[in-house]
Amino acid sequence: MSETHDASLTRDQIAARIAADIPEGAFVNLGIGQPTLVADHLDLERGVVLHTENGMLGMGRAATGDEIDPDLINAGKIPVVETPGASYFHHADSFAMMRGGHLDVCVLGAFQVSVAGDLANWHTGAPDAIPAVGGAMDLAIGAKQVFVMMTLFDKQGGSKLVPELTYPATGLGCVSRVYTDHGTFEVGADGPRVVDLHGLTADELAERTGLAFA
Amino acid sequence: MSETHDASLTRDQIAARIAADIPEGAFVNLGIGQPTLVADHLDLERGVVLHTENGMLGMGRAATGDEIDPDLINAGKIPVVETPGASYFHHADSFAMMRGGHLDVCVLGAFQVSVAGDLANWHTGAPDAIPAVGGAMDLAIGAKQVFVMMTLFDKQGGSKLVPELTYPATGLGCVSRVYTDHGTFEVGADGPRVVDLHGLTADELAERTGLAFA
Amino acid sequence: MTDVIERSDATAAADEAVADIPDGATVLIGGFGSAGQPVELIDALRRHGAGDLTVVNNNAGNGDHGLALLLREGLVRKMICSFPRQSDSWHFDELYRAGRVELEVVPQGTLAERMRAAGAGIGGFYSPTGVGTLLAEGKEERELDGRRFVLERPLSGDYALVKAHVADRMGNLVYRRTARNFGPVMATAATTTVVQVSRVVPTGDLDPEAVVTPSIYVDRVVVL
Amino acid sequence: MTDVIERSDATAAADEAVADIPDGATVLIGGFGSAGQPVELIDALRRHGAGDLTVVNNNAGNGDHGLALLLREGLVRKMICSFPRQSDSWHFDELYRAGRVELEVVPQGTLAERMRAAGAGIGGFYSPTGVGTLLAEGKEERELDGRRFVLERPLSGDYALVKAHVADRMGNLVYRRTARNFGPVMATAATTTVVQVSRVVPTGDLDPEAVVTPSIYVDRVVVL
């Protein structure tokens, strides 16, 4: 069922891959950091509307030069612009929108995702780390679909797609798809399924992750 | 401690009596029906701000002639006008304001008030009555002070200030003062206390209500 | 994404806006008295004829129009409202006394907050309203920090019928004065929100600071 | 009623606005990063010198200004926030590692909703956020309609320090863009709400449909 491509994907290619799966007219939250790259590949003219947790629908691209307004920032505290049809609301209303399941898609980074769709992206579990969660737990459980964008392997070569989380959880059973440099995977109740592979054969995938894919 | 006056008060005099106890700058809800008469005796220039449960602060007097706008009504569904500094909000925000204890004073009518401050004003208990509560229970428990405006006696001459409610409760221990044609009474944990009497001596009061006043 | 339904025939537009409401649906209907009541959508729902409905509205119909006629036609199985009994609620009164309509009376603020909870993904909340009264019977009661509360549950709808003032083409809404009332809350609490407006303006014409209902909550806009 | 504090000396005005905040107070401070952060009021609070404070803010100070300096001065006993750790939160980090400040980490939406609950008279609410995580430890968990929730409790303040854009003389407020963030919620959740604005306009000059924080929630306005 899966396609295999020769080369692994760059970060930008993963972002484009995700953007291609976001339907016309969707309401989307891109969290902070890497997933915000997805915005560069979305045609906002096509009607995709970006939400930012700090109280805005209709967020546009990063602001430059005279456009920069310290009162208009995204969740990563980077100045952005407003698109036509935007609206502002306070934090309780913004998170009601998230928690209430009104966003169609949310894209998050991750330390680990389990085959059941559990997400770890807020805490490494290191005993001396200062815990900081922000809006990650609200986003994890709130959107209709949660996409994760990450590399498949960590710097030591270990798989970040795991049978069970070893890092502290952000949310349980909440991730639907994982987009990585080496492939796209569905996770959840039916176990992991390969959607596509890049620069890795199915056998290599099974060996390096230690997982059985459908 | 109490003053005694010769004549009982008219409905309009009770309204004026209540208005005199509402401090400058207070945020006030006058419910529906009789208590709305209090508005005629409030100097809105003095900074008293009226709240109406259907989503407005800064409600003014009843609208007349060309002022009538079907989109601008009070809780009794009567057209009203807007005062400078008014604001509109939706129902959840309006009742959050009430339930959250932000209103200084609320004035309600009553079938009965108990000496402990329990209020009955929504249901006669008649088995064939169609129950209808509206915002009464929210108002009863929400304001910093709940004033009741009523006649002291019902049409059969029975006291509406009672040792214990016999009608279904609207709220428990919520009333602080009861303003009637025959006098003003404090109720609550310390039992009933006479503030003033009108057209009734203390002895007559005790006899006709069957209550012991402080 | 929001569909904007525009037709020269307003009746046909209203009919199209409610055409997929099935029998047995829970329909949240905005309005406090006649302010904010989406009368034309209610009339369309009546013509459509879906029955066995659960209707949530502050009242239970007034006079001989709108919700009152929906009730008279026997399309409503259950009313959830705060204040059914009014001087002109004769159609509801008659059905209720004949045992032909169910009634759930909810304090007005609890009604609004239960829908807000549904829209906000809250599983339940503890309210001080109604404690110790008939309307708390059968509800879990709990003392928290020395005060008594009852547990209230979210109330969601399959459809919301809402009247706003102006929409833009994306579905952002502003309301007019006290006609705002339940509309913004109901829009968040329904799977499909249908809004009648006086006017649709180009996207970008509404002040982003003054939008009351963001487009994400609006599925259909119809100019009536 | 709202006091409007106007002085030719803005520093003196800010000082006056926070002069009665006592040691041990819980202070809700608006802002998300620097957007909406009432820096001048925070600086006044630091000069005022009240200590042993519990501070609620989304973050735990950035760089060498505002909340970061309040922390550095040792005036904060406890921070309640969603995201303390940032690239420039060095003052907090140092105090925290030295055990000189307590930390309660709350998911951002739960932080906002707990303050909303305090302002709305809600005794507690069941949230799906954080279920099965470290941040749900010690909280009551409950299944409702087949989904797991944790019980969250209201979070109120003795004072709120908020930055808005424009106030009228009665204390009605509008905000600017994403600087709105926590301000409107905190204003409802504090006993005394102190607001810094860029401008005060005559009562009646704000559009009643566009007021975000009604005057009932505002105790003091200071133009800074």
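Note that the chains take the letters A, B, C and D in the order they are written out, and that residue 1 is the start of every chain.
FYI, a residue touches a chain if its C-beta (ideal position, glycine included) is under 8 Å from a C-beta of that chain, and two chains touch if they have at least 3 such contacts.
Just so we're clear, the structure is a prediction, and the values are computed from it rather than from any experiment.
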{"item": "Label of the chain whose CA centroid is most distant from the centroid of chain B", "value": "A"}
{"item": "Pair exhibiting more inter-chain C-beta contacts, A-C or A-D", "value": "A-D"}
{"item": "Approximate Å spacing (C-alpha centroids) for the pair chain A, chain C", "value": "35"}
{"item": "Between chain C and chain B, distance of the C-alpha-averaged centres to the nearest whole Å", "value": "29"}
{"item": "Centroid spacing, where centroids are CA-atom means, of chain A and chain B in whole angstrom", "value": "54"}
{"item": "Overlap residues in chain C, where contacts from two or more other chains coincide", "value": "113, 116, 120-122, 127-128, 175-177, 208-209, 212"}
{"item": "Residues within chain A bordering two or more other chains", "value": "82, 88-89, 95-96, 98-99, 142"}
{"item": "Touch-based graph of the chains, sorted into line, ring, star, complete or other", "value": "other"}
{"item": "Pairs of chains in contact (touch as defined earlier), listed by label", "value": "A-C, A-D, B-C, B-D, C-D"}
{"item": "Complex contacts: residues of chain D adjacent to chain A", "value": "32-36, 82-86, 92-93, 96-97, 103, 105-110, 112-113, 115-116, 127-135, 175-185, 212"}
{"item": "Contacting residues of chain D [partner chain C, same complex]", "value": "113, 117, 120-128, 142, 144-145, 147, 149, 153, 174-177, 207-210, 212"}
{"item": "Chain A contact footprint on chain C (complex, rising order)", "value": "1, 116, 118-122, 168-170, 172, 188, 203-204, 206, 208-209, 211, 214-217"}
{"item": "Residues of chain A that touch chain C when the two form their complex", "value": "24-25, 27, 47, 49, 51, 57-58, 82, 84-89, 95-103, 142"}
{"item": "Chain A - residues contacting chain D, complex", "value": "52-56, 69-73, 77, 82, 88-92, 94-96, 98-99, 123, 128-138, 141-142, 168-172"}
